[in-house]
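The letters A, B, C and D name the chains in turn, as written, and every chain counts its residues from 1.
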Amino acid sequence: MSGPIPYAMVGGGVGSFIGGVHRHAIDLDGRARLVAGAFSSTGERSVESGRALGVDPERAYGSYADLIAGESGRDDRPVFVVIVTPNDMHFPVARACLRGGLHVVCDKPFTITSAEARELEGLARERGLLCAVTYNYSGYPMVREARARVAGGEIGRVRKVYAEYHQGWLATDLESSGQKQASWRTDPDRAGVGGSLGDIGTHAEQLVRFVTGLEIGSVAADLSSFVGGRVLDDDASVLMRLSEGAKGTLTCSQVCVGEANGLSLRVYGESGGLSWRQERPEQLEMTRSDGSRTVLCRGGEGLSEYTAAATRLPGGHPEGFIEAFGNLYRGVCDVLSGDGDSLLARPLPCARDGEAGMRFVEACVESAKRDSEWTSV
Amino acid sequence: MSGPIPYAMVGGGVGSFIGGVHRHAIDLDGRARLVAGAFSSTGERSVESGRALGVDPERAYGSYADLIAGESGRDDRPVFVVIVTPNDMHFPVARACLRGGLHVVCDKPFTITSAEARELEGLARERGLLCAVTYNYSGYPMVREARARVAGGEIGRVRKVYAEYHQGWLATDLESSGQKQASWRTDPDRAGVGGSLGDIGTHAEQLVRFVTGLEIGSVAADLSSFVGGRVLDDDASVLMRLSEGAKGTLTCSQVCVGEANGLSLRVYGESGGLSWRQERPEQLEMTRSDGSRTVLCRGGEGLSEYTAAATRLPGGHPEGFIEAFGNLYRGVCDVLSGDGDSLLARPLPCARDGEAGMRFVEACVESAKRDSEWTSV
Amino acid sequence: MSGPIPYAMVGGGVGSFIGGVHRHAIDLDGRARLVAGAFSSTGERSVESGRALGVDPERAYGSYADLIAGESGRDDRPVFVVIVTPNDMHFPVARACLRGGLHVVCDKPFTITSAEARELEGLARERGLLCAVTYNYSGYPMVREARARVAGGEIGRVRKVYAEYHQGWLATDLESSGQKQASWRTDPDRAGVGGSLGDIGTHAEQLVRFVTGLEIGSVAADLSSFVGGRVLDDDASVLMRLSEGAKGTLTCSQVCVGEANGLSLRVYGESGGLSWRQERPEQLEMTRSDGSRTVLCRGGEGLSEYTAAATRLPGGHPEGFIEAFGNLYRGVCDVLSGDGDSLLARPLPCARDGEAGMRFVEACVESAKRDSEWTSV
Amino acid sequence: MSGPIPYAMVGGGVGSFIGGVHRHAIDLDGRARLVAGAFSSTGERSVESGRALGVDPERAYGSYADLIAGESGRDDRPVFVVIVTPNDMHFPVARACLRGGLHVVCDKPFTITSAEARELEGLARERGLLCAVTYNYSGYPMVREARARVAGGEIGRVRKVYAEYHQGWLATDLESSGQKQASWRTDPDRAGVGGSLGDIGTHAEQLVRFVTGLEIGSVAADLSSFVGGRVLDDDASVLMRLSEGAKGTLTCSQVCVGEANGLSLRVYGESGGLSWRQERPEQLEMTRSDGSRTVLCRGGEGLSEYTAAATRLPGGHPEGFIEAFGNLYRGVCDVLSGDGDSLLARPLPCARDGEAGMRFVEACVESAKRDSEWTSV
């Protein structure tokens, strides 16, 4: 490999939270370098952001269309584009990039509808381009360990899954106060048909599939909007039927007062169980039929090669959110460097996963409309 | 009060596990004294058990009918009868006792059907007798604290409840090995229509009502029998709609490998949350909107009078299962001593709760038959 | 065995806390029966207590001397005497009992001086009588598991021990308020030369020896009286040199605000470590060189026979302080029934341990006087 | 501010672990930019490393002397130098940099002797230069919260401190296998007089002073070398007497099998206690006299401004080791940008702290030689 892979960013100008997260995650490994961007919706502000980020002013554009057009002729054009716009723009930007021959890394939720997702998936496949979706929680080493252990048969055939994602920050009518994050997330036009489901439920859903390797066949969902005046769900309880006879529950909520970012997954198979919590990400608990609980720690011995590859610091030196996010980008860089079979690229959350997430949200919403009738995903 | 209250026991002969638990729980406070019993199904073995328990051989009977008949004329006859027979005998024994003018304390699950439970409830009310059901987990001090805090408005109006009761001991086909506990619990004739639902789900259900003060209006349930050949459920996932607009999930399972007795309850209201786990019963966690978690400990200051009354040892000297069980009996003794308004008697789990439990089980089974359709409890 | 073993109690009248703990602990198994006592310092009050406890008024005495004299001629005289008086009376009462041919179970701290302890030890040995000391924390099943694992070589040769006993209830000048527990514990005349050292440090010291099987050879101690006007230590930090080259620290404190009963022990050997905390007594954590932590749970499989023998309830049904206490009495009853080699009697904390405790306290106090010079225990 | 502050690095060539940590920590905020370095001991390899790091080959030197000489005349010369060489080189490099008018950020342990440390401290003061020492653990937000709470009087006057740093990786004779990290850390020539004391004990010692604001007046230490043939301590137990009448214990060990990086601090004052553990760095536990424990979480409300300033991600999105490290560099950049009174610069661990650490090590070693006699620090 000859130097870092050049990339561009759409969205994520100065002041954006998530743009910075993506850039820091990439910077952890220095394997890609920001060379261009449409950071904001005006050329002037985009240039300003670009300057702060060390991007040549000529390569800071006022729109994604200009970006694609402006960069297309250059020898040093970006290899991939990171999309960190509001959700409703993911689709048009990703489509334009893929059409322009650019690989894509898109923030989640992937699109507004599953049809859009399918279109992007098809487009990427057709053009032979990568279209990754940043389901960042699957980048945690101990999540990868869980996946490896399930795949290795250590807990036997999976029977029951409990997935949770509980937050409390929308327990009050925050959107009325004009808080930005709350406003768009509770607005169907910008967020899509799912509220908490789209925002955080999709993370839990992806973890279920990532760790168990199973598909979610159908759901029976009960959605709530506990805060008055809210149109989208701020709380969801979902029964799931998975492939191979497994079953599960998935609950997501943004009204669990006092919970910050309570994503967790428990999986029980015929001969053991696994439990992981995002807020204590360095540990994976394993239960066995003898009643003992073994706490596996990142950096310890005896962990899978997938886990080891996703690790930067020695055990006991806490890694966290940003390193997990960075692991996705390592996978992206592996793929784009021709090493699509690397430990970090197996598997990389892609359009297919984004599409599954949108189908999950749509099925839950549909089920809820039919008074929790079982609905195919 | 003039000495301990005399009581009799039906079932619970030497070798029985649960009989000993009840007796030890009662002995913790010495407020009742075992004077008679139909401990076994033959007079001879009953006498033998009675002797080991310090009961006059003349008062050890071969059947509950003999017990009631034999004791009825005595001045020193038992005031109440503890029923610790197999489940299918709860109803006939309790009915006979109540008809005979004896107060009843019955193990759970209360009966085989809700109709039976209603009959007992009516009978007890009519005769002015106590018919308590040993939902022992509501005897834990910190469960009582949770109830007091919800009632006192400390978490605001309740929105969401998560109740779990996860065990793993039936993850294999234990009943085929002839293991006694497994055999009757998986046998519809002796256990009723619910498997894990009746055995442990009812405990979780009672905790939900006990702590929140809400009723469970309807359920949508998905039941499973993961172990081949098993007729009754060994796993259940239940969506719940509670009174006052609250919602919840309840999962119970006996195939969660490695889990011993994982009963837990989390309740989130408009302004706070409460979390309790049976395996760490001395702590109650309280979450608040500022993101802090306060761990309240039994024996600490600032707890409710209900909690303090349910405490025997200073904080940090772990109390457990047996003390919680004993707290129910303290309430029973209070009521039977004319102090029905004591802190420990408010409330005492009674026939009404036993009946609610049976309705819950029946509604879940009904819902499951209709492919998880919402079903009134 | 023909029926429960008759025992008497000195101290522990109505209103006493610790007397009730001993009686409840004994009652858990029903293998001994209270038949006589010198519960209080006047005959009248002793009779009153005896009556409440079901003791024949004729066998409720006003002094231990009267008790021994009055019972000596009876066929049904007590086999052992439980001593739960204030500490300064332990020695004269135990001596009189042993001289009178009665087995003794004495609360801790055993005596006021190690010389007294040695006298009792010699007396008991000479007469062939049991003189047990209720170091109740070594009755916890998972403490016994720790001992069994160390003895079985599972962590290799022991290198380092960390013992702690941290409480906070004496963080203020409670004794000035007349609080009874605080008053005698801070009074050298009644408590001996050690404050926190005698009251709780001895428990930690016994656990160290019980679990590791090592002796404490010498100590270097720094004692403090953080609360103004207090004569005895309310906080102690002790360096220890143990037999076989092991080392350790022991800290005990009654001014650690907010700590209830924070007794814990961590032992590291050449190939593993063990960690136990009294406030979570059902778990024993084991560390290994691969960085994993295994949480062993009471009631689980694969535990030692010593642990299993000390267990009453299935795993996940929390046992606590009272059951651990009761395990000591099971050992006592085994010994007195001729089964001195039973699992619960191996080993039983005895006069020898009480004496070791007093030597430990004296050595720490001596070391502290010499500005923490290493002092032989 | 006009762009990132240019800095150079001595040591930390490709393949070095700690060099990467420093660079990533700096990169998190992008406020400084690597422009030059003496990354390795030969010019060729230094150039190679520099190239991989994006440093102009002309500015990659073969020695620190060349670096200082080569950069001194340039307009764009580095403002500060990061020193990440083996320990024995810290002193000569730092001295040369300070003499050359360059600010210094030095890895810890600061020097080999306290005399060297004092010389650097004096030199920095004299020249008006910054000489920071990367005691990175004090960069954790919740450590800063602990400090703020103690300073704010929330636990009252400090009485007792328990500091621990327990690792297990040197439980075997790793150095004989040629493992690099083990080799130099156990070699007195390269590591100085302290083994575990210097390597990790100094971190614990700095945390004690940072959080409590107290000085360590004297120590009584017992050092061990549990692994045969090891010259330096691999385990230390230290009694401490602090200013203002406080006391404490500090234990550090590298033979606690199974412990990864167990740094923890507990502080008890007259009215409360604080507890923090590096392996769960996002939480700070606070105990109060009412027996409750409050778990404060990073990102929650009600935390100090010092804590908020040290935070990057919302609560529940785990930050870890690298972010804490980065916080030190934010403070460095603040100071070098003229904002020496910023929240992150108050206080910044400096030569004075490095010197205190060396005095602590020397006093412990001296005390141990005198059989644990109290020794002034």
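Keep this in mind: contacts are C-beta pairs under 8 Å (C-beta built on N, C-alpha and C of every residue); 3 or more make two chains touch, one makes a residue touch a chain.
Not measured: the values here are computed from a predicted model.
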Check your understanding: Listed by label, which chains are in contact with chain B and with chain C?
Key -> A, D
Review point. When the contacting C-beta pairs are counted for A-B and for B-D, which pair yields the higher total?
Key: A-B
Review point. Comparing centres built from CA atoms, which chain ends up most distant from chain C?
Key: A
Practice item. Please compute the C-alpha centroid of chain A, do the same for chain D, then give the distance between them in whole Å. Key: 35
**Study point:** Intercentroid distance (Cα basis), chain D paired with chain B, Å
**Key:** 55
Practice item. Starting from the mean Cα coordinates of chain A and chain B, work out the distance between those two points in Å. Key: 43
Practice item. Would you give the residues of chain D that are in contact with at least 2 other chains, written as numbers and ranges? Key: 259-260, 289-293, 297, 299-300, 315
Review point. What does chain A use to touch chain B in their complex?
Key: 155, 159-160, 162, 168, 171-172, 220, 222, 224, 226, 235, 237, 239, 241, 247-249, 251, 253, 255-260, 268-273, 286-293, 371-374
**Study point:** In the complex with chain D, residue positions of chain A that touch it
**Key:** 21, 24, 27-28, 167, 259-262, 278-282, 297, 299-300, 313-323
Review point. Can you name the residues of chain D that touch chain B in the complex?
Key: 289-297, 299-302, 315
